[in-house]
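Each of the next two complexes has subunit A plus one other chain: subunit B in the first, subunit C in the second.
Let's turn to the complex of A and B:
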């Protein structure tokens, strides 16, 4: 009946959301088209329709599968470490003391530091010859470790940098929630003679559940996409030991210029992530969070 | 007493770990080559501005600075203008419609950048756009819009409904109410959102790495080109790093509370 909605406030968002939706679907359609063809910028062959060939190739690509496994490992370790450490620090800071405002400001610094610079800095600190980490280890008598050059430890070095940069996010999010918790409830539990650990476990943590779930979800999504620290610190090396799926997709696209196959990797990564998140949301999240 | 000492000791440790990397970059940028690589490290040294002199006369760095400034400010302003309208409209809708729109906006923010960077790269390559500022501004504006919408929605929500209704009762049109009544109230939120958009765009690396050309390189890409195989000049590199990150740390401090709110916006309330 009415070609234009009678509610004028809809006109404020419809053009924008409509445009975004159109652009998103066009890009997704184009991405699918790329996946089903064989666009390779270094070759001379014309573009051909190849069907699902790229997906078959991915299913048997050992390097890609290893990158996928590494991504899962990194996401699991980074997310759990950041959430556990973040909540611990937030609980630790949940009291009145002088300079709390300043502490909060300091904790924000890693999050807003340019990620490329954070990567450079950690590369500098992890340097085998002149890095501070090895220097400190040497003061307690531990032999120097080639952090970024040893395939067995390089991933964990990047992990440390990621934890440094993103634990503050969990801390600040949890601190904000802790401030909204009614203090008398906590006081009452303490008056009843409950030990501090019981108060935290039975009174405070249940009220933080929702915030924690959100923090974990956001950190998990972001660490799947982690790129900057990896690119700067190791570029996927040594011996591909830090190559995540995202990095592999980048290399295939912009070093090998195998556009179609890189697109397939990117699409696959997105699908796997979404399925994992859905399952996590469905089964692992506490009730009421959804 | 012991508890108090333990508390401040742990606090000091947390602050030390948090700030040490920053401290180390900034001090290294003011050291001479010999002090920078001294082992054991020198804690007291006479600072020099030699590295800054070197980097501030480096044409590649200055070019990158100009590019970063132009691209991040333009893309952010564009995004805020568009997102302010959208956020105002979204807040006025019923809960069901709101949830579906906000869900869609959130899904745009979650999608990995590589998913749309590859098609965009291929398309712009064929159109010969890979070395234009317009491409980067458009892409960053496109990315900033969903983020700005989710954050601005939280500010528009806080405007009392009565204000808008009173304006409508007085016979003002929806556009006048938006412009003269609601926008002045959320001015602080608009500025904070703008600052955050600038901060994220300035710091962004992946998209810039792929989609920028020789003339449009932003600072994060420029600084990686200083990492050459002939050996890294850490003095100049850390001076450049300090100049790149310090403005953003200052901006971030100005909008402290909004940083976390912005990153969680749209997902906390679900």
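Let's turn to the complex of A and C:
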């Protein structure tokens, strides 16, 4: 039999895959080339091949390592908080009530909002002098908190904004899955006398597991790349307390114009992220999602 | 082959004839007046009242020269990365860019912008060198060549509440110790209701821009005479200690994340007795539609602590228009640069926008300027006269030095490091950057 008649669809997808692969490898090759040179836009010395010098510099760069740790912390906290809150809200909304559609629409608002607007809004809310949050605290007699100006608090303030913006994403996925769960299964469990908590734990959550694993994976990838909220709310300050690896790479590239080193940071972050996500995929994902 | 040549010669002859005919028909003189009519310039500028005024007047420029202008306006922080990417690629995407004078040496060193002297002699219709505030023009001159013209400029000064100072019996501060004492008095006598002094403390250029007043005023500097970092000196440590202490003890809550806007608003709302910031803030303080302290603000030069300062303690920030090396239309670009900075356009800008940062002497002497900004004009001119062109370093690595220094300032302000330690670290990083 002629190969084309065996699978004619390959003519449609093979060129596309080939082109995407080519683009990916070309970019990766260029990125590697950048990492092995010393491209510095403000320099007058020209470009030289420097071997692994940029990687050695990164391995001993205290600021970069701290930024990496901060990124890991932020990803872990943001992802877990968003998934837990997301399930809780989805379960809470998984009932028939008047205005359900409206509530669902309202819940999506933070996610749809441009991160710059969200960042500015939270920046004003967290403003120590005239922000709403400190005003509300003052009405119950709590002294003003320096949300974005205290290095011990600022990262968590940005975290709150991130959770507010992205929990709806988890809610959305969880709600969609909840609607596909056969109602009779849940009813049967209740008929057998299972308490509501047992129903959720033993019947509903196992069915949500795949969805939640995918949601967590997507949120983790997005949190590694989080940039806009940090840039708008704190610009990495105070005292570097909110500088993630991504933001550090941006500063090196677009403040210092040290393009090669910035690319090294970005490439390193990509590699670390890939390894972490592969591990997550290997150990946290239920079989069948993989 | 020969046939091809004869055909092309024929075409050239026809074109030449047509050109002569067209020139004769339009009268020749018009072509002389508008040698670049029909060219289209791409211009990158920074969001600012001056830029708004230029945009509104663009039809005048097109009417006078026949040159069309595509104006792209972005926030200051984004403008430099944007132009750097185009410059380094040699793309010619922008014919004219607006940049702070701290970048000029870097641009010249990397061969990104062109000298304008030849254009200035050839096309001087809008250009009047003597009309520029001299200290604004100087940063544009590198190795005796003119690389740009100043579009707007500003200095910094101390703003204080005359009413509160009178009420509490405080004299206008002349040293940084005076500032601290005044801030303490305000805080104590107002029972903490009014913040003693507010300044920008955000990590990065915001905090560094203000702290530099303390650095110079205490006798320190960013760089030594031979171009090394000079931040590990006792003067610099004292400057940072004093700056951080006055803000921590008598400044507003949240100061470590306050930029220009937050700081300006706090003072405009009457919640602080003093602030040290750019002269443009005067225009906001005196604008009744946004300020509750109109007429209550006094303006004084930035304090100095020592008689042996290495440079003035007030800033001199100038934004200039430069012509890109990769531009294919450098003459037309020069015409735009000289028109946008001409005295006619600057005087006109006072009627259309709150443009207190004019660089033209004639505009500063105009009635409109005196009417609007008379209350702080003298203090502003005094600050300008002492304005320090090296206030923020102008070496090619300036951005990186500011970034490193900003981290030190932020750490001390947030209380996570001592001034001496933080500055020692910044000093090492700056020296590494300077040898790159």
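Methods note: the second predicted complex is superposed on the first by the 271 of 290 C-alpha atoms of A that agree within 3 Å, B and C clash if a C-alpha of one lies under 4 Å from a C-alpha of the other, contacts with A are read in each partner's own complex, and residues count from 1 in each chain.
Assume a contact is a pair of C-beta atoms (placed from the backbone, for glycine too) under 8 Å apart; a residue touches a chain by one contact, two chains touch by 3 or more.
Treat the numbers as computed from the prediction; the structure is a model and nothing was measured.
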- Give one of first, second, both or neither to describe whether A:151 is in contact with subunit B, with subunit C, with both, or with none. second
- Query: Regarding the shared-chain residue A:113, is it in contact with subunit B (first), subunit C (second), both, or neither?
  - Reply: first
- Query: A:255 contacts which: subunit B (first), subunit C (second), both, neither?
  - Reply: second
- Task: Using the superposition described at the top, determine whether subunit B or subunit C touches more residues of subunit A.
- Result: B
- Message: For A:86 in the superposed arrangement: first (subunit B), second (subunit C), both or neither?
- Response: neither
- Query: Between subunit B (first) and subunit C (second), which, if any, makes contact with A:14: first, second, both or neither?
  - Reply: first
- Task: Could you list which residues of subunit A make contact with subunit B in one structure and with subunit C in the other?
- Result: 253-254
- Query: What does subunit B use to touch subunit A in their complex?
  - Reply: 7, 10-11, 14-15, 17-22, 24-25, 28, 37, 39-41, 82-83, 85-90, 92-93, 101, 104-105, 108, 110-116, 118-123, 142, 145-146, 149, 173-174, 178, 199, 202-203, 205-206, 209-210, 219-220, 223-224, 227, 234, 237-238, 241, 244-245, 248-249, 251-253, 256, 259-260, 263-264, 267-268, 270
- Flag every residue of subunit A that touches subunit B in the complex, lowest number first. 7-14, 16-17, 20-21, 23-24, 27, 30-31, 34, 39, 89, 92-93, 97, 103-118, 120-122, 124-125, 130, 132, 135, 164, 168-169, 172-173, 176, 211, 214-215, 217-218, 221, 224-225, 227-228, 231-232, 246, 249-250, 253-254, 259, 262-263, 266-267, 269-270, 273, 289-290
- Spell out the residues on subunit A that touch subunit C in their complex, using ranges where they run on. 40-44, 127-129, 144, 146-151, 154, 234-241, 251, 253-258
- Query: Given the complex with subunit A, which residues does subunit C contribute to the contact?
  - Reply: 80-81, 84, 87-88, 106, 109-110, 201-204, 252-258, 262, 266, 271, 396-397, 399-400, 403, 406-407, 410-411, 413-414, 416-417, 433, 436
